[in-house]
Amino acid sequence: MKQLKQQMKREQGSMMGKTRLEAFSDGVLAIIITIMVLELKVPHDAGAAALLGLWPVFLSYVLSFVYVGIYWNNHHHMLHTVQHVSGAMLWANLHLLFWLSLIPFVTGWMGENHFAPLPTALYGVVLLMAAIAYFILQLIIIRAHGSESELKQALGRDWKGKISPVLYALAIGLAFVSQWLAGLIYAIVALMWLVPDRRIEKTLTNAH
Amino acid sequence: MKQLKQQMKREQGSMMGKTRLEAFSDGVLAIIITIMVLELKVPHDAGAAALLGLWPVFLSYVLSFVYVGIYWNNHHHMLHTVQHVSGAMLWANLHLLFWLSLIPFVTGWMGENHFAPLPTALYGVVLLMAAIAYFILQLIIIRAHGSESELKQALGRDWKGKISPVLYALAIGLAFVSQWLAGLIYAIVALMWLVPDRRIEKTLTNAH
Amino acid sequence: MKQLKQQMKREQGSMMGKTRLEAFSDGVLAIIITIMVLELKVPHDAGAAALLGLWPVFLSYVLSFVYVGIYWNNHHHMLHTVQHVSGAMLWANLHLLFWLSLIPFVTGWMGENHFAPLPTALYGVVLLMAAIAYFILQLIIIRAHGSESELKQALGRDWKGKISPVLYALAIGLAFVSQWLAGLIYAIVALMWLVPDRRIEKTLTNAH
Amino acid sequence: MKQLKQQMKREQGSMMGKTRLEAFSDGVLAIIITIMVLELKVPHDAGAAALLGLWPVFLSYVLSFVYVGIYWNNHHHMLHTVQHVSGAMLWANLHLLFWLSLIPFVTGWMGENHFAPLPTALYGVVLLMAAIAYFILQLIIIRAHGSESELKQALGRDWKGKISPVLYALAIGLAFVSQWLAGLIYAIVALMWLVPDRRIEKTLTNAH
């Protein structure tokens, strides 16, 4: 009986830490995803022209919504495998949130300037930095759990995680040649991740 | 004893997933409902005329507040019946949140233009898309739980869910004939849902 | 053993409902309290005059921060006594959040117009409506728990809850005579509530 | 069995209170950290000059992001040691959140005015007030848990907590001599805290 109580207490303790890390991340991601809509400025005119003029801002909103959704989704699965939260994880997580917090800014800049070269390239820079920050967080979680890390097994060779930064870097350069090609690459990477990441789900199902 | 511990762990596991889905949705819905108030721009003048001039914006704010409240309420009841969270559910949920995130924009556009035809019709389009997204999420949850789905039994014939999109479509068309008729339909649909959805509550009470 | 598991499941079930009600309310209150600071518009000038010119906006911010803090605090204690969440509670809670969501607007209007009569009176109207909404929510919770309601015992004669609306009504009228008198009343009511509500805390401590 | 159930209920009770305190704080901190990015106003021009002109706003954003991150991190560790939440803690916590809620304002003012003396000094004033508010909250938590306070043991001599206010005060005065020296001090204090606070983590690990 006493053992069970202690076991419960310990589990609740480490779960609390994880819960709060998730809660804070969810809060920040929820605000980022919702604040972006404020860049869709309400036109003073009620005509169709005013609405249609918003298409580049709307398009960049949809793209960023999907990206933040992907990050939330993957973050959700990744933290599912965490057993104990360390100080390094907290800061690696904040580092990731920092780059994601810049998405509303670059989304607005790219949308308002109809996908001009520099804003389109900067959009890729922020995506690239977020991908690197995500990679660092992943590494810290895997190391903290040793060789039996569920996450490591789930990731396998992690080709998506490896190819994405390469594609972002390519798009950053291409933005100055053809902004549409850069935009296409951003869309392709998003679609690539949209295909549900069955790897982690599968390993988790097998394990439990 | 060991069995109980495993049982507890499993339940906490799937509950964690659900908890986070709810937490993120609550976060986004809370921000949507609160951000809308920013469209009620503070007038520089302290007179009664400045205040009264805000009535269409205020009216559209009340309408949208009730709609987001209804979605939160129904979402709350629907997720109550979920046992395991799947990747498809996460994305169907994000899809619903996407359409709901556009509510502050269409609310502001409709209010600022005194319920002009096009903004009033677009308001209906967003409501219609959100209703479809909700329907898809509902379908995925029912399918995931098989024939014993609590939610399916609770919904019964789901006449509210079926008649709402028809009424939205009607209002979209009517907005170009009479914007007030369209607004009336939006208000009627909201009132229809405001009547508490005792179906799910009842089935849940019987089941437990 | 089986009984314990069922007991646990039932408690987690009703706790889930309550948790989500609290989480959503906390989310909305957290956003309201933080969004108000956006009315403190960053001056373009770096001089002391620009800063000092903000004093009425800052003063009204402090007042509203304290009010939202009081509502969060009391809401926290009130929900502590809830055992089962009903549909009526969800809506009464949303009704309360609606009036509280208007606080940033009236705070900004009152502050920007240096406590002019009409904005100062409207501030009181929103406080009055929020107090009424809180009273309704309280009534629904007490009724749902029958004669053994912890909350009812904790409230006692609830003189604070009864005198506050009277003082708000008084301040609304007085705003047109002397805006400073009205402001003073708002400050006094806030201070009256700031004194920690030991009633509920005490009853809870005795009960457990 | 009955004893275990009561134990569980009691623990869940006090945990609920703590959970909600954490949830509300996390919500406010998440909004503060994300709202700051709105001061990074999207330039209408797509050129490099428009982007580079934002560097002081960006720099002050990074500094404030790190500060809010530090507060979230330390708050997280501090609340981990709390066993029972009192009314005094709730208000001391709100007091801390009040000063932190002013960070987006002073960040924007400092950034937009290229670290002019007065805004740079005011930034320090808000940091100083937040540090004092944190100290008060810490004191209340330690007193509530008596001589066996985990937090007290974890803090030890708390030299970081004691030297920070002194450095802020120094920077406030120096801002009128050299704004860059003041900015340097803010950066040094931030770096000092970034080094993970292993004290609390260590004591907690030993205790459990």
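Observations on the model:
First chain written, first letter: the chains are A, B, C and D, and each begins at residue 1.
By our rule, a contact is a pair of C-beta atoms (placed from the backbone, for glycine too) under 8 Å apart; a residue touches a chain by one contact, two chains touch by 3 or more.
Remember, predicted model here, so these are calculated numbers, not experimental data.
Two copies of one chain, chain A and chain B, touch each other, and the residues they use overlap weakly: the shared fraction of interface numbers falls below half. Among the other chains, the CA centroid farthest from that of chain D is the one of B. Its C-alpha atoms fitted onto chain D, chain A is found rotated by 90°, rounded in steps of 5.
Averaging Cα coordinates per chain places chain B and chain C 25 Å apart.
Computed centre separation for the pair chain B/chain D is 35 angstrom, with centres defined by C-alpha atoms.
Contact with two or more other chains is made by residues 4, 8, 19, 23, 27, 30-31, 35, 38 of chain B. Against chain C, the residues of chain D that register as touching in their complex are 1, 4-5, 8-10, 12-13, 16-17, 19-20, 23-24, 27-28, 30-32, 35, 38-39, 86-88, 90-91, 94, 97-98, 101-102, 104-105, 108-109, 112-113, 116-119, 122. By the touch rule above, chain D contacts chain A in their complex via residues 4, 7-8, 11, 15, 19, 22-23, 26-27, 29-31, 33-35, 37-38, 40, 42-48, 51, 62, 65, 69, 72-73, 76, 80, 194, 196-198, 201, 208.
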